[in-house]
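Pasting the structures in now, so scroll down.
In what comes next, chain A is part of two complexes: it sits with chain B in the first one and with chain C in the second one.
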Partner chain A sequence: MMTLWNRQILAIMRIDLAKTFFAKRGLWIYLLALSPAVPMLLHSLLDRHEGNSDFGQDVQIFAGIFQFFYLRIAIFFGCVGIFMNLFRGEMVDKSLHYYLLAPVRREVILVGKFLSGLVASVTIFCGSVLVQWCSLFCHHPASLLNSYMFTGPGASHLVSYLVAAACACVGYGSVFLAAGVLFRNPLIPAAVILLWESADGILPALLKKISVIYWLKSICPISIPSPKGNNSILNLLIFDVDPAPARVAILNLMLLAGFVVVWAAIRARRIEIGYGSE
Partner chain B sequence: MAVYKRTYKGYSGPLTSPLWRFTVLQRYAFKAIFKSRFLLIGYVACFFVPLLAICFLYLNQNASLLAMVGQKPGFLKIDAGWFHNFLTAQAVLAGVLTAFVGPGLVAPDLANGALPVYLSRPFSRFEYILGKGLVLGSLIASITLFPLLTLFGIQSSLVGYQWFEKNLYIGGGILFSCLTIMVVFILLGLSMSAFVRWRIVAGALVLAVFAAGKGFGAVINGVMRTSNGYYLDLQYLLSTIATDLFRQTPEDPPISPLSAWAAVITFCVLLLLLINRKLRVCEVAG
Partner chain C sequence: MDAIILDNVSKFYGEVLGVNKVTLSIPPGITSLVGPNGSGKTTLMNLIAGLLQPTRGGISVCGLSPSDPEHFFRTLGYATQYDGFPRGLTGWEFVRNYLRLFGFSPKDTERMAWESIDRVGLREASQRKIAGFSKGMRQRIKLAQAIAHRPKVLVLDEPLNGLDPLARAETIALFRELGNEGSHVLISSHILHEVDLISDQVIMMSQGYVVAEGQIRGVRDEISEQPMQVLIRCDKPDVLASQLFHHSQVVEAKVHADRGGLLVRTHHAESFYKLLNRIALDGVRIESVAPADDDAQSIYEYLIGSEESTK
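And now, the complex of A and B:
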C-alpha cells in the first residue's frame, strides 16, 4: 500500500512533469539536447552518397562530442533550465504558494519536484543520446553495425554513455535544484559552477574530485586522443589523466546528489515567498 | 493653503537638453545596478588584473629593481600578443558582466509594462535603446578599452616615443577590438533581455550563446570535417577580428578575418532586428 508521502510525491511529479515536458518556456531544452543530432544526420546523409566515412573516426567523434559538448554544455545548461525552474519558475509565475499552502511537508515537495525534473531530464537527454547514436552510425553497413554492437564494444559503450548522461542529470540536477532553493538569483551559483567545472583540467587531483565533470568523464568509455594543433584549452576541457573506476564514479555522484537533496530539503523548510522582489 | 489652490502646475525646473535625454536612463540604471553588492564587488574585481599589469609594466622597465635580479629593462617582451592576451582576459570578464547586468536593463520594463511610460514622453525608441545600451557600453569600456589604452600609454611613456611610433597599430587594434566587443555585447545583452523577460534566463542565455555556440561549432567541425562551424562560435569570430587588428593573423587561418567581420556584422544585424521586434509599444483597441 502506498504511503501518504509516496502519493504526494507522485501527485507533485504528475503536475511538474506536464509543466517541464510541455511548457513553451522549455522548448529550448529540446533544441539544445537534439542539436548535435542535426550535423550527425547531415554527415550520415552526405557520406552515404560520397562513401568516405570511417567507422573508427565516427566512434571517436561521438566520444569527443559527448564529452566536450554534450556533458559540459548541453546537459549543464539543460539542467540549469529544468531544475532551477522548479522553484524559481514557480516564484516568477507567482504559483509557489499553492504548493506551500497544501498540507504537504516541504521536504516532500522538494523531493517530488526533484524527481519530476530528474525524470524529464533523463528522458530528454538519454533519448537524445540514442537519437545521436542512430544519426551518426545509421549510414554504415548493417553487418559492421551488428558486429560493433553485439560482438564488439558498441552496446557497452552506448550503455556507458546513457549512464553518464543520466548521472550528469542526477549530479547537476541536484546542485541546481539546491541553488534554486537557496539563491534568489541562481545565475550566480550557475556561473561559479560553470567556471569551476571548466577549470577541472587544471585543478589539483584532490580539488578536481569536488567537481561533477571529473566523475562523469570517468564513466565515459573512450578517452579522446589529443587533437592536432596546440589547442590547450580544448585539451583541458576533454582530457583526464587520472580517471576513477566507473562504479566508484556512479556511487560518488549518487552520494553527492543524495547529500545535496537532503541539505536542500532541510533548507526548504525555511523558504519564504517574496513575489514582489522577483 | 486652501485645497482649491493645489491645482496642476507644470514643471518649472531645468530641463535636460533633448540631445542628452538618453543619459537620464543611464543615470538611473547605474543606481539600480550598483545597489547589488555582488555586482559592485564583481565590477571592482574586474580592475584587479589591469592594476597588476600596470605594476608589471613598471617593474619590467625599472632598471634598478631588475638589476637586483640580474635582468635588464624590458626582459619580458611587451608586444601585440601581450595586449591581445590581456584583451582576451578582460573580454571574458566583460561577457560575464553583460550576463549579469544586461538582463536587468530591458526585461523589467517589458515584464511590468513600463515601456509605454517611457515612450509616451518626448523620448524615442532609439533614445531608449541608446540610453540602455550606454549603461552596458560604459561598463564594458571601463574594463576593456580604458585599462588597455592606459596600459598602452604607460608602456609608451616608460619605453619612449620610438616604441609608441613603432607600435601605434596596437593602439588602433585596442580601440577597434574593444569597440567591436562593446557593440556585440551591448546588442547581445539588450536583445536577450528583450527576448526573454525573465532576468535569470536572459542572463543564462547570454552565457549560453557563447558556450553553446562554441560547442555546437566544434560539433559541426568535428562531424562534418569542415571549419564552417567557426561561424557559430562568436568568441572565435571576435578573436579572429582582434588577431587581425593586432596584426597576428596566422598564415592559414580556418576562417579569414574578412569572413569573421561579415559573420559578426550579420550577427549584430540579427540582434538589432530582434530588439526592434521586441521593443514595441502595442496599442490595444478596446
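And now, the complex of A and C:
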C-alpha cells in the first residue's frame, strides 16, 4: 500500500512540479521572490562606490526587509499563487477531473499536490534568500565576511532565515492549499487571511498563536529594534514582545500545517466537478 | 455484479434539476445515452464516475463504488465532455503522465500508453503539444487517455463530437471492438442515428428523466399504445389508402408526392400487417413494406422531439 501511495505521490509531483516551475503565468512569483535583491544590490554598489561599509547596519537592513517585506508580502503572495492554483488552477483549466478519475485516494492527491507546492516554493524562496544575502553582503571585504560567517553569528543567522522562509512556505502553503479546496473564489479568503496575519501585533496572546506570522517571527534570528514612538503601526507589524523559542515555533508551525492539511484532505473527498455547465 | 446500477438517483445543483429519480441496471455491451442538450446526460455520467455525488440514491459499477477509488478507477475509464487539458503537454505526455498514477512499472506504463494512442490512430500527432490539436484530435487523445488502463467499463460523453466522417467510422469501429471484448461501453450523444446502429441498448433522457430504456425494439414496444408508422411502396397508393381507411387500426394514411408509396400510421402493427396481406391479394402490387420508425431516431423524435415542439 505504502509503495503504491509513494509511486502515486511521485507521479503527481512530476505532473505538478513541471506546471508550477515552468508556467508562464507563474513568472510573477519569481519576480516577487527576487524583488528584495534589487534594492540590496543597489545599496551594495552605492556603499562600495562611497567607500563606506557599516556591517552592523547591513545586518539590520536584511533583518528588516526579511521580516517586513519578504515573509509578509513576498512569500505570502507567492504561496497564494502557488498553492491556491494547485486545485483552483486546474478547475480553471478544466483538467482536475483527470486526477479525480485516477485510482488515487483524494487524500493522496492532496498530499502529492502539497508536496509539489512545497518543493517549488521552498526552492524559489530559499533560493532567493541566498541571492539576497549575496547581493547585500558581497561588497564587504572577504576577511570581514569570513569572520562574520564562521566565527560570528553569520552562518547561524543565514540558516535561521532559510528555515524561516521554508517554514513560511509550509505554513502559508497549507493554509492556501486548504483555501483552494474549500472556496470557489479563493481571493476572498486570501484577503481575510492577509488581514488576520497583519493584525497579529494587536491580537491577544492566544489568538496570535493560530497565525503563521507569529511563529515565523519567533524563528527569525534578530528582532528589529523598535523605533521611537512605540505605538506606530509599523511597530505592531515588526516588533514582537513575547517571541517563542525557535524550536517550539517550528514544531508548532508544523502542527498547525499538519492540522490544516488533514482537514483539507478530509474536505477533498467532497470535491465535485462543476466547471460550469457546458 | 456485472452491471452498472443506479437506484433511484437524483442530483440537484442547488435548485436546478440535473437528473431525477433514475433507476437503471445497465448490462455489458454498448449502451447509448441519448437526449437533447441539458437533458442530464453529462450529469448522469459524472454521477456514475463519481465526479458528482448524488443528492439522493445509490450507484454501483460492477459492485464497486467511487469511495474506493483504488479499485473503482481501475475498472472504469471516462472520457468527459470537457475540452480541458493540463497545460503545456504533448499528447503522449498527457496519456503517460496520468497512467503513471496507476502504479504500473515504467516499462508497462510506456507500452500501454503507446498501445492506446495507436488504437485511436494518433501515433505521429501525439508528439506535438495538445494546444495545437484540432477538436477531433483532442477528442481522440481523450479517448486514448480513458482506455489506456484497459477499463472494463468505459464511459464516453459525446465522443463523436467534432470527428470527421473517417475518424467517426474508425472510432465507431473501435467502440464495436471494445464492446465485443466484453466491456461496458456507455456512449452519450444527442444525434441518435450515429449511435443507434452499434448500440445494444438505448437510454433516452429528457429534462432530467429517463423516458425510455431497453433494446431499440423494446423501447418501441414500451410506447406501443402510440401510433407506429409504416412505409409502403406500391403501384396504386390512393386505392390502397381508400381501402385501408375502412379499418379501425389505421389512424392516418398519406400518399407520397411521387405517387409511388404511402405512409400509414397505425395503432397496432401486427394486425395491420395481417390486414395488408389480405389487401395485397386484391390486386394492389406492393413492392415493399417497412416500419418507418423502427430506428431509434424516430422514437427519439417522437419521445423527445415532440415534447420539445410543444414547449
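Assume the second predicted complex is superposed on the first by the 270 of 278 C-alpha atoms of A that agree within 3 Å, B and C clash if a C-alpha of one lies under 4 Å from a C-alpha of the other, contacts with A are read in each partner's own complex, and residues count from 1 in each chain.
Just so we're on the same page, a contact is a pair of C-beta atoms (placed from the backbone, for glycine too) under 8 Å apart; a residue touches a chain by one contact, two chains touch by 3 or more.
A quick note: this is a predicted structure, and the numbers were derived from the prediction, not measured.
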After aligning the two structures on chain A, examine chain B and chain C and state clash or fit.
-> fit
Which holds for A:Gly78: it touches chain B only (first), chain C only (second), both, or neither?
-> neither
Could you tell me if A:Ala18 is touching chain B, chain C, both of them or neither one (first, second, both, neither)?
-> second
Is A:Pro186 in contact with chain B, with chain C, with both, or with neither (first, second, both, neither)?
-> first
Just chain B (first), just chain C (second), both, or neither: which does A:Val104 touch?
-> second
After lining up the shared chain so the two structures overlap, which partner does A:Arg7 touch, if you call chain B first and chain C second: first, second, both or neither?
-> second
Chain B, chain C and vertex chain A (Cα centres) - angle in steps of 10° | 80
Of the partners chain B and chain C, which touch A:Arg270 in the superposed model: first, second, both, neither?
-> second
May I ask you to decide whether A:Gly173 touches chain B, chain C, both, or neither, giving the answer as first, second, both or neither?
-> neither
Distance in angstrom between the closest Cα atoms of chain C and chain B, superposition on A = 13
Which residues of chain A touch chain B in their complex?
-> 25, 32, 35-36, 39-40, 42-43, 46, 61, 64-65, 68-69, 72-74, 77, 80-81, 84, 88, 92, 136, 185-188, 190-191, 194, 234
Could you please specify the touching residues of chain B with respect to chain A in the complex?
-> 38, 96, 99-100, 198-201, 203-204, 207-208, 211-212, 214-216, 218-220, 222-224
Please give the residue numbers of chain A that touch chain C in the complex, ascending.
-> 3-4, 7-8, 11-12, 14-15, 18-19, 22-23, 90, 93-95, 97-106, 270, 272-275, 277-278
Residues of chain C touching chain A in the complex | 13, 38, 42, 46, 49-53, 69-74, 76-78, 80-88, 97-98, 100-103, 145
